[in-house]
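Below are structures written as structure tokens.
Two complexes are shown next, each including subunit A; its partner changes from subunit B in the first to subunit C in the second.
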Partner chain A sequence: MQEALIQRLRSAVGHEHVTARPDDLRNYAYDGSIDRAAPEAVVFPADAAQVAAVVRACEELRCPYVARGAGTGLSGGAIAEFGGVLISTARMRRILDIDAANRTALVEPGVVNAHISAAVATLGLRFVPDPSSQSACTIGGNVAENAGGLHCLAYGVTSNHVLGCEIVTPQGEIVWLGGRENETAGYDLLGVFIGSEGTLGIATKIAVKLTPQPETTRTLLAVFDSVDDASKAVSDIIAAGIIPAALEMMDRLSTQAIEAYVHAGFPTDAGAILIADVDGLQESVGETAAAIGDVCRRDGAREVRLAKDEAERERIWRGRKSAFGAMGRFSPSYYVQDGVIPRTKLPEVLAEVEAIGRRYGLLIANVFHAGDGNIHPLIAFDEKVPAQVDAAIAAGADILRACVARGGSISGEHGIGIEKRDCMNVQYAPSDLALMAKLKAVFNPGGLCNPAKMFPTSRRCGESARTLQRADLPEGIAPAAGPAF
Partner chain B sequence: MLNLPFAADLRKHTGSRPRVRPDECARYSVGGCTPKLVFSPHNAREAARIVSALRQEGAAVIIRGAGTAQWRPPPPVSIDAVLDMTRCDGIVEYAPADLTVTVGAGTKFSDLQSALRAQGQFFPCDPSHAAEGTIGGILSGRRDGALRQRFGALRDNVLGMHVSLSDGSTAFSGARVVKSVAGYDIPKLFVGARGTLGAIADVTLKVAPLPQAEAGLVATFERLEPACQAALDVASSPLFPSATTLHDARSAHRVRSLGGGLHDGHAWMLVLRLGGTRGAIARQADGITRICKAASAAAASGVRIEMVAQAQVQHAWADIAELACGAAYSPATVAGMKVISQPSHVAAVMARALSLGPDTECTAHPAVGLTFVHVRADAHVSTAAPSGLRAFANACEAHGWSVEFLFAPPQIGEHLLPALPLRAPIALMRKLKAAFDPSGTFDPGRFLGGI
Partner chain C sequence: MPGVSPGYSGPERPALADLDLCTRCGLCEQACPTYRLLGFEPDSPRGRIFLMKQVALGEAEINQHLADHLYRCLGCRACETVCPAGVPFGRLLEYGRFQVEQHRDLAPHSKGWMIFRQLAFRLVLPRRWLFRALMWPSRAIASVPGFAAAFDTLPRGNRLRRLVDMLPRRDKHVEPSASAMPPVTPAIGRRRAVVGLLLGCVMDSLFRHTHEATVRVLARNGCDVRVPTGQWCCGALNVHAGERAIAKDLARANIDAFGRAPLDAIIVNSAGCGAVMKEYGELLKDDSEYAQPALAFAARVKDVTEFLAETSLVSGFAKLPIAVTYQDACHLVHGQGISHQPRALLQAIPGLRYIELRNASQCCGAAGVYSLTHPHLAQAILDEKIEAVLETSADVVATANPGCSMQLQAGLAQRGSRMRVRHVVEILDEAYAARSR
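Take a look at the complex of A and B:
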């Protein structure tokens, strides 16, 4: 990296808040996905002005830069694919203001998701989006990925709960998109910034909407002999006009992995398990939970259990939330997919997922947001065996194709990043992608802000070597790196 | 500016026959301005072909649904062509069990609701001009109603859309399923863009099951502040009503099915729409009653509370939805504005609006911080001179509230350029417009900041 750039970074954020030590850099070569690449420097700005100074330095010296929250992303969004500068929000983790009367809070991007709800709990409020990673992931990362969560079935995803963002644009300007009101005049730029995977600028403040806590929540566990029966129950619950707060499914492989890991009390011989949360006023929750139980029994549930107390509720949800971790114990590596299908197509797609696993000789467990039709096949493989890595990636791509063939989407909440960019043209036509490219150029004309993410390269969907080299970048972006630092 | 001899040729280029007869074109006028040509495309591709041909001639094109928003100021200076979207209509695909529906943008909102209701579902929005308005127009104008309190705003319930652009291309973005983060969420840009970026040809919406039961609660207050306070307290409680509207005496008077007026010196009416299981409704009513009483007791002023049955509240809502700058007011004599503020500022917004003069009328959606202000704007009423409205808008801006003029008589409207909120990232908005519609074909000059 050019010495001149390092100097600029140091004067922007302070000497001690820049690192270029190889040992440090290695820690930032990862996120939760498969792809790896280390940055050449990591900076830790303290506020928007410092972020803007860093961005201006990178833009002027034509060096790529990438924002990073907690690095829990599952699509390679925070990977510094071309080296360059990683801008960490780790020092921007203050909750700046809580306005209970208007049900909003203003927070910095490095605030951990779960900390927001914790900070407003005594006011009877919460921040609804609750990704399973909520005890680690940051609100900045949630905004960038438009993260979902267990309770987005009834309450919506991140974009439904963010009112405004202060951002640093790739021109190094600090602007607000949206605000603290429920609406803003003009184009909804906030709407496209959310879910833009760090390619349109860097969020430096986020105004979130807070929601009253429900009075009561009941949790229901239904045990089925087959995935088909459980899937049918999902469709029938929705068709009965019931939208539970959460509706999650796990197949046998995942319940077995979870039981071995956390003992959540799931029967390990079941074909599939459904977990439903029903929340609201005491007067209606019991009735709705009973109605869900009836649908499940009608669809062949062999057992329907209503959590009798908070402890049991927690145990069930802890089991669900530890599913990915459990897979990590069960297999040397696992690869999470994130396709969406119309929920009525669950049985046929899950059957196809199983067939794909057989075809590649890989075990695939399913644990997912059934109510939304957002499937998360967990493909077990061994990262140290190159052939298995290739097979896992190819199997993942086949699953995504199966989703698109049913009118679905290649990502429900984890984003495209590096991981699925070459599958974008499975879902979108060239003219669709051209409009997205136009939008990107409005914010990020030089392309240095999280370069090359989200858009297809010359590779094919499912091809293995997915990261690019600097030489692969379009001309003009980050030409010859300066003297190695 | 378009030359008409060429217009005849357009048919060859686009395969679509425009209307050219002045009497026919007059039926598609916008803000009193009659187009020279009217095209009625049947799908996204045809719309894109037409627009691209028009763009090459340097034409100014206005996209039109049912024309219910045509009096938005300022009126167009001249219109070459109207793109009438009402032929892009009908349900393309409806999967009740997936809670999604795909419809042509020209579909009437009321037709869509009937089709959904037949399956026990609805599109959870209560826009103004619900009878004639088209889906495309309602989305483009961001005509949210008070139901957004419980069900989310329009932007939250749009999943994907096909758009036709001025370069002749069509593009799909978003998805046909209830959840997707693949690529930029471009549909959000078209919601509220008022047809300045491109034409929405079809759209996939997230629908909701009809509530098991509904009811209403009407609370009339002596004073404004406790009414607003009660609305805020309810919105912060776990009672989750579907919608809250607040009316001054004139606005209340227009809700005929709720008695059409206030008694005992009460000047403010708060209407809460409740939904869910019967048990939940009883509990909501009980909780809201307590909150209303506590708020008025704290202000040492009176309140009266009345429950309203399901049929009556649904009936009343047809009136209430039209009080948000809707069909309740005639743009020939009234100017309508939407003021966006924090919910806790609604009382102040209403008080300031009513000080505009005795002919002012307000309806608010206090839980979400929107206030709709209507002012008599006959030539004779001096308070409604453009300078008065402009001064009001400026005063609002100074408080951090933003004002959108939604309709006005043309002689006033021509002086009402959209106010530019201080913090709006107008440079980015201009770049966006330039990227999506580089020749400025779509409705030039009437959007925020003169875009």
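Take a look at the complex of A and C:
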């Protein structure tokens, strides 16, 4: 890295908040996904002005830069594929304002998702989006990925709970998108920014919506002998007009992985289990839970269990949230897919996932946000064995193709990043992608802000070599380089 | 290249099978005190595991960076409790530090400290008489009520004051300790069990009153309490610092001392000691003579709160109208999975108002010798803890480990607070005693 740039970074954020020591950088080469590449420097700005100074330095000296929250992303979004500067939000973690009367809060991007709800709990409020990683991931990362959560079925995803953002644009300007209130006039630039995976700028303040805590919540666990029966129950519950706050499914491999350490009380011999949360007023909650229980039993559930207290509820949800990490029981790495399919196609897609696993000789566990048809097949592999890495990636691509073939999508909530960019062609026509590229060029004309993420490269979906090399960086990071960039 | 050494050597190394359990999901990051404070990935559990794994895979060498970040870890094992994959971080850390210790030039601390450490770990800790002799001044200060307070006139940053602040303070109603622990104390009433008590090093020197309370409470609950001779320090400080050879000697001595007595349980009232003693099997797994006895020994080790909670307490408490909060000792909650037992015991005392501490299971920063090796970090962690403790306005903060007691004592003294720090068994003892008084 150029010494001149390092100097600029140091004067922007302070000497001790920049590191370019190769040893330090090794720990910034990974996130929660399977890609790896080390940046050339990591900076830890304290506020928007410092972020802007860093961005301007990078732009002027033509160096790529990438924002990083907690590094729990599952699509390689925070990987500095071309080296360059990684901008960590670890020091921007203040909750700046809580407005209980208007039910909003203003937070910095490095605030951990779960810390928002914790801070407003005594006011009877919460921040609804609750990704399974909520104890670690940041609100900045949530905005960038438009993260979903266990309770998105009834309450919506991140974009439904963010009112506005202050961002630093790739031009180094500090602008506000959206409002602090619900309605704004003009183009919905906030809508464009949320889910843009850090390619349109860096969020430096976020105004979030707070929601009253429900009066009561009941959690129900239904045990099925087969995934087919459980899937049918999911469709029947929704068809009956019931909207549970959350409706999650796990297959046998997942419950086995979880029970090995977390002890959530899941049966390890069941074909599939369903977990449903019902919340609202005391009286109605009991009725709805009973109605869900009836549907499950009618569809063949061999056991329906209602959590008896808060401790048991917490145990069940902790079990569910542990599903990805628990894969360590089976293999050192897992490659998680994030396809979305129409709910009715669940059994058929699952059968195909199983066949794909057999074809590649890989173990695949399944966890789903069943209510939204968002499936998370977890492909177990060992990163130390190159052939297994290739097989896992190819299997993942086959799964995504299967989803798109049934009218679904390649990503529900984890984003495209590096991992799924070459599969964008499977879902979008060239003209769709060209329009997106034009939009990106308006915000990020130099292409230096999180380069090459989200858009397909010259590779095919499922081809093995994944992270691009510096030499692959499109020439001069040409502006509006079209769908290839 | 100076400071760079090759990979792991010998069988006592972070096992790849353990490292492979980590999927880098990151769910442990916010549980980690050093990550919360520093926001720096190399100071997170995931970061440290990654560094150890890179060495295991030959992608990196044992170097200064690894040494610094393994030693900046508190060893609190909070990451283990939240990890969904069951990564045995405590074990990885011990082996990781052991490997670093094979390369003296990498010691992350000053020369003076290293010399002190060598003396402490290799010369003093293994020798009971020497340890006790050196602890004499501390014992003297602690044994006279009010003496420690005399040091309050020294300025805050003064090192002597900080050391004196850490000393346990004795309640006026408790008699000063007799010179030796009785080798056998018979059960009061029907005998329900025969147990042995580990005295340890720091506990034995500075917390005799806790031992005495432990013996009284156990006896009242139907235990014959034996204090076998030949026992000494459990070796925890050595294991945590990567000094495994001496730790093994200490373990063998304790196994011999307790092995001869037919005991239902080996009772420990120091969380750090208990956690290590429950792992004697792992420590001595390659010792053909001791591997089996070590496992048998480990299986009988019980923390005193764990044991009492399982035994169902005999009644006989008087009302104890005090407000008590409880700070989890890391090596109890994260190391041994014991958290509801001490709370249940406290809540069994009539009249006692129990107040849950905010973030009770977060480390207080004591962490063995951490407050000596990383004073600034330890202080920052302690400040956060004391903040939460003071919020409770309790009369007493209960704990179950000498390191935590001393750290909390120091933190409270710094703030000029009069809140008392007591072991859980001392509070039980006080409730029983109040009845007989």
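Just so it is clear, the second predicted complex is superposed on the first by the 477 of 485 C-alpha atoms of A that agree within 3 Å, B and C clash if a C-alpha of one lies under 4 Å from a C-alpha of the other, contacts with A are read in each partner's own complex, and residues count from 1 in each chain.
Here, contacts are C-beta pairs under 8 Å (C-beta built on N, C-alpha and C of every residue); 3 or more make two chains touch, one makes a residue touch a chain.
Bear in mind the structure is a predicted one, so any value in this text is a computation, not a measurement.
With both structures placed on the common chain, the touch criterion links A:Phe324 to subunit C but leaves subunit B unconnected.
By the document's definition of touching, of the two partners only subunit B reaches A:Glu145; subunit C does not. When the shared chain is aligned, subunit C comes close enough to touch A:Tyr28, but subunit B does not. Legend: residue contacts after superposition of the two complexes on their common chain; A:Val442 is shown touching subunit B, with no touch to subunit C.
More subunit A residues lie in contact with B than with the other chain of the pair subunit B and subunit C.
In the superposition on chain A, contact of A:Ala311 is made with neither subunit B nor subunit C. Residue contacts after overlaying the shared chain place A:Arg93 against subunit C, while subunit B stays out of touching range. Considering their complex, residues 19-31, 39-42, 47, 50-51, 54, 57, 60, 63-65, 82-87 of subunit C touch subunit A.
Those residues of subunit A that touch subunit B in the shared complex are 99-103, 124-125, 145-146, 148, 152, 156-157, 159-160, 169, 175-177, 179-192, 194-196, 212-215, 235, 238-239, 241-243, 280-284, 287-288, 340-344, 369, 372-374, 407-416, 420, 424, 427-429, 431-436, 438-443, 454.
Residues 21, 23-24, 26-28, 30-32, 44, 70-72, 88, 90-91, 93, 110, 112, 114, 133, 135-137, 258, 260-262, 321-329, 331-334, 382, 384 of subunit A touch subunit C in their complex. The part of subunit B that touches subunit A in the complex is made up of residues 95-100, 120-121, 142, 144, 148, 152-153, 155-156, 163, 165, 169-173, 175-186, 188-189, 191-193, 197, 208-210, 212, 232, 235-240, 276-277, 279-280, 282-284, 340-344, 368-370, 402, 404, 418-419, 421, 423-426, 428-429, 431-432, 435-436, 447-449.
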